[in-house]
Amino acid sequence: MAPLTMIEAIRDALVHEMERDERVMVLGLDVGRLGGVFRATHGLLERFGPERVVDMPLAEGAIIGSSLGLALSGLVPVPEIQFLGFTHQAFHQIGPQLARYRFRSRGRYHCQVTIRAPFGGGVRTPEFHPDAIEAQFVQTPGIKVVCPATPADARGLLLSAIRDPDPVLFIEPQRLYRRGREEVPEGDATVPFGRLRIARPGSDLTLIAWSAAVELCLRAAERLEEDGISAAVLDLRTLVPLDVAGLVAEVARTGRAVVVHEAPLSAGFGAEIAATLQEECFYSLDAPVARVAAWDSPYPTGPLEAWYLPTLERVVEAARRTAAR
Amino acid sequence: MTGYRILDPDGNLLDGARPRLGPEGAVEGLRWMLLSRAFDARATAMHRQGRFGTYSPVRGQEASVVGSSMALDPTVDWIAPSYRELPALVRHGMPLERVFAGYLGRGKAARIPDEVRLLPNQVALATQLQHAVGLAWGLALQRKPGVVMAYCGEGASSEGDFHEACNLAGVKRAPVVFVLINNQWAISTPRSVQSAGELYRRAEGYGFPGVQVDGNDLLAVYEVATEAVERARAGEGPTLIECLTHRQSFHNTTDNPRLYLPEGWLEQAEREDPIRRLEAYLAAQGVWDDGVRAAVEAEIAEQIEGALETALAMPAARPEDLFDDVYADPPERLRRQREELLGRAGD
Amino acid sequence: MTGYRILDPDGNLLDGARPRLGPEGAVEGLRWMLLSRAFDARATAMHRQGRFGTYSPVRGQEASVVGSSMALDPTVDWIAPSYRELPALVRHGMPLERVFAGYLGRGKAARIPDEVRLLPNQVALATQLQHAVGLAWGLALQRKPGVVMAYCGEGASSEGDFHEACNLAGVKRAPVVFVLINNQWAISTPRSVQSAGELYRRAEGYGFPGVQVDGNDLLAVYEVATEAVERARAGEGPTLIECLTHRQSFHNTTDNPRLYLPEGWLEQAEREDPIRRLEAYLAAQGVWDDGVRAAVEAEIAEQIEGALETALAMPAARPEDLFDDVYADPPERLRRQREELLGRAGD
Amino acid sequence: MAPLTMIEAIRDALVHEMERDERVMVLGLDVGRLGGVFRATHGLLERFGPERVVDMPLAEGAIIGSSLGLALSGLVPVPEIQFLGFTHQAFHQIGPQLARYRFRSRGRYHCQVTIRAPFGGGVRTPEFHPDAIEAQFVQTPGIKVVCPATPADARGLLLSAIRDPDPVLFIEPQRLYRRGREEVPEGDATVPFGRLRIARPGSDLTLIAWSAAVELCLRAAERLEEDGISAAVLDLRTLVPLDVAGLVAEVARTGRAVVVHEAPLSAGFGAEIAATLQEECFYSLDAPVARVAAWDSPYPTGPLEAWYLPTLERVVEAARRTAAR
């Protein structure tokens, strides 16, 4: 395959699954004629017709709630929520319904549903569009949370998500949609859940991230190399399931870790990483696990986001501090 | 305001009315209504003894629940219940012992059998309407037969999910029948607080018919529901049926309606009792009398006690139940938690 | 289907119509409409230059926005906007330079002045309707004068919040006017996908009147809105007004409607242009001609450029803005974060 | 004042504030005639009339959304959500609206709104009624999260909440509503936010909890005393603002800590505590901060909850393990 951007890789995964399994359908706002506000579903309507590529009335609760019902009927819906921030409108249909339906029905039913949603900052979108609320979904057992950082992972993880018999929240970093191209494995090359990716090896310190923050950490690692600090970068890929064993193995080796995320600090998923690491490899840690995150304020609009999001400087500084302890 | 009616409160056929449900069907309906009432009593007693979880009696609204569900064919149609539709579930195929097992906290024993087209009871009000629409639309997309009947209360109809579900059903012409059981109360909140409008008229705004029916009249409910199911089956889309009825009992076993029911309200409601009304009608038709009633009641009592006994013999909930139906393929962390608890629970 | 109308598309008074808005008022309305269109053009140009945030033009729906808001008294009434009502905000007292400041990302400079009864633009569709109802109800509870006008699109009307807000407004007879601007599109999604019903008819189900009006007819919108405001002011409760109009431009500056607009749709929409229609009417009334138009347009251009210049001179956003309006009394942790950033930002 | 149960203390706080400030009103499901499903608002309708004690249509989004508007009009609403699990139906009106309105309006508006909601397990309620989802609200900047564990704190913190110019989520442990009585300070005796309470002093180890788990920790501390382990018990009282300084001072003293909560482990607020402690007093910690929580599965119904919730045994065992490291 020619090198693909992330958005192309996502589209390719959707096409591949819709060809492979006629139960797969996509639905959401503007996914049909327009092909999605980011073109993730471009061309799908023409290819698969309006019964499998469905423009929905403007109601996130109905998009998710009806996806649950569509799954019960035997279909495999892949709903798109236009931006992750608008999953709030459907929150009551995600954590307490979609995620729990297998449990509530004592295994009689399951919901093979993959919710796709773009999120993340750095592209000056209006309010709610960048909100990084992934941690809220980790607190709702029954759903998996998947967050690719590269085109290849986006395709491979999306195949896994659509084939997973349980609901998956698949969140896509809008900033990286068209950032670069890479060779993407073709065909049925799934990427399994629960196995982190070593985005860059390193021996002094471990930077831990997911989604767009992985790229930030890679840049930070380069900068740190100039200082003579060898920083590994881990891409978690999936928050649920979390690759605890992989994390522990990597961090035990370096004894130092920094977690980086775009969500506000307090109760962000970075807290879970730090808590887990200090539980699981307390005696190998030479320094506290540091967290670099957005501040505990709402995502701002306009130029303020440059001060709000974790910056290269903040990551590098936290890493230096951690390496020096 | 009573809605569409076939029988008056004393069980007399209204002039010119020709019920679609024959005497045999009406007797069957009456039997379900009596079973429901007997179950209410048994469940309430079990709760009082601390042996049963919270229970919401159907008392007063049996004609609405039974009459609507009798319009369904359990071999192809589906029910998306709320939590106050016991006889509909049992008629649709849910074994009575499994219903008991659920209230007894017997875990997996309460699972809906694979061949029964029934969604689990729903506590989060109105959420099930969205599922029902998705299911109905999905059946239609796959050219599978089947109509989905979704229940909710007049309280639940104030939730945003009601609107979103009805609106989508209209757009997709989904084969779904919304049965809104307006029993005048949402816990202590009277109908007048729920809305300043007539509930059945909301359907117009979604582009499909809305009907108000006397929910204490089994024959009327059956007829209206049957027409709605036929429309849905014919691809003509959804219907909203508002059943006007009364909650003759507490909201659930933790509630005390004396704190809020106006003087005389209950007595008034009981005067419109759906069972009394149907019995009078069937007696006039010559197919019901005290003898028949006693026989049916004895049979029901036996059925209920038998089911309860079966349920009591079913395996209890086990700690594994906490883990086994969370995911098909549970995260490593959850597996470890399971081991931790089972190690402990095995102690 | 055009809704209630006073002027035909060519600006002729319909037989027997007696507009409530006199020529002077209509000229004022036209001026706001022209200002709106000029702002659209300026904002779009600024966005293309990378100097402006995302902007949603009003083009095509000016009569709906201006006509409805002219029914309000800014000294007592309130507006709860969505994001496509620019001329209403400015007429209501929001200084044009502050509007510019907002799109320029100038932070605090864009704040709504304390004396202006206006809620901030709302991006999360339909959520503002709930706030509007609470505000209106709260004013009534305190016996304060004031009517709240809340805007939303036909897309937003599919959200659960629309239902919950309308229903509560009906129950509380809140002094609120819902202006549903049906411009036929929600980004790329056509009106037909939003609902199978007529949107204005939903009001019946909530127990208050719903009106459909030709949203390209300033005189008709003004009349319908004025009646609704009068009803609300008199304690008679809410009204839902559906304005049938067209979005003649892109959804916002990141959208490309050529990807989805059907052939000829835009041309058809432009034929119903509300400005052209009103100009024709006012010309026939003898109060408008090319000369007046040129003078008004020059004045507007000056006003816009002046406001833009003022906005450009306003203080830029500062890192403190991230912290200062989160809480009145911020948690210690947030204070420390502020210090951390300001130490850094000061570097 | 005679000793009060927690529910009486809450009612007393409501009455006190409604007497003191005529802008204060309560609204929610069944709060009027019935006086609330737990009787928290019993007698208020008779005392303050139907304009200040309002039975609402059954729509959580409208309860919260209209409270926001009522606050803008100059009133001080105290909405009740019947159970915390049903805040999900209003999630889009809480985090992204109520909590952010000050920020969005650049300080022009603020929302003096206190949302009260019962939650927590141990009383065999139906689905959703016990869900402990407090951590989800810590990720929504702009709102405070308050969780009393005693009658006196319930009253004092509720006074502070109602008087706070910003929105507060005030969550009440249904299991403790009528568990016991205690002397409750009268009048304007507010309890400030952001100051933890030392529920029991101790020198070997620190148990950290909030809401009903405090009582569990107290029982565990007694049991531990029998083993010769002196366990302190901290009651956080408020999760936002978090008393970081108080936590650090206490834990630095003992060098060992166990956090206990009723929410599922992953991304629960216990993670934030563990992460913060290892950041702020790494070198004083003699053992990893342990977490005892519910499992990562949905809250079960019926008898299963006994196996789901943290038990005395699990807390004691974790404490022993932590003390022994």
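Just so it is clear, A, B, C and D label the chains in written order, and each chain counts residues from 1 on its own.
In the analysis below, contacts are C-beta pairs under 8 Å (C-beta built on N, C-alpha and C of every residue); 3 or more make two chains touch, one makes a residue touch a chain.
None of the values given here were measured: they were computed from a predicted structure.
Chemist: Taking each chain's centre as the mean of its Cα atoms, which chain lies farthest from chain D?
Modeler: C
Chemist: Which of the two pairs, A-C or C-D, is linked by more C-beta contacts?
Modeler: Most contacts of the two pairs: C-D.
Chemist: Report the inter-centroid distance (CA atoms only) between chain B and chain C in whole Å.
Modeler: About 45 Å separates the centre of chain B from that of chain C.
Chemist: Give, as an integer number of Å, the spacing between the C-alpha centres of chain C and chain A.
Modeler: Centre-to-centre distance between chain A and chain C: 36 Å.
Chemist: Provide the C-alpha centroid distance between chain A and chain B, rounded to the nearest whole angstrom.
Modeler: 40
Chemist: Check each residue of chain D and list the ones that touch at least two other chains.
Modeler: 56-57, 59, 61-62, 85, 88-89, 92, 96, 103-104, 127-128, 141-142, 240, 242, 266, 296-298, 300
Chemist: Where in chain C do residues touch two or more of the other chains?
Modeler: 107, 124, 158-161, 164, 167, 171, 193-195, 321, 326, 331, 333-334
Chemist: Inside the complex, what are the residues of chain D that reach chain A?
Modeler: Touch residues, chain D against chain A: 85, 88-89, 91-92, 95-96, 99-100, 103-104, 127-128, 131, 133, 135-136, 138-139, 141-142, 240, 242, 263-264, 266-276, 278-279, 282, 285, 287-291, 296-298, 300.
Chemist: List the residues on chain B that touch chain A in their complex, please.
Modeler: The contact residues of chain B facing chain A are 107-108, 110-112, 114, 119-120, 124, 127, 129-139, 141-142, 144, 160-161, 164-165, 167-168, 171, 321, 324-329, 331-334.
Chemist: Given the complex with chain C, which residues does chain A contribute to the contact?
Modeler: Touch residues, chain A against chain C: 29-30, 32-35, 37, 55-62, 85-86, 88-89, 124-128, 265-266, 295-298, 300-304, 307-308, 313-314.
Chemist: How about chain B: which of its residues touch chain D in the complex?
Modeler: 53-54, 105, 107, 123-125, 155-156, 158-161, 186-189, 193-195, 254, 259-260, 316-317, 319, 321-323, 326, 331, 333-334, 337-338, 341, 344-345
Chemist: Any idea which chain C residues touch chain B in the complex?
Modeler: Residue positions touching the partner: 158-164, 167, 170-171, 173, 193-199, 201-202, 204-208, 237.
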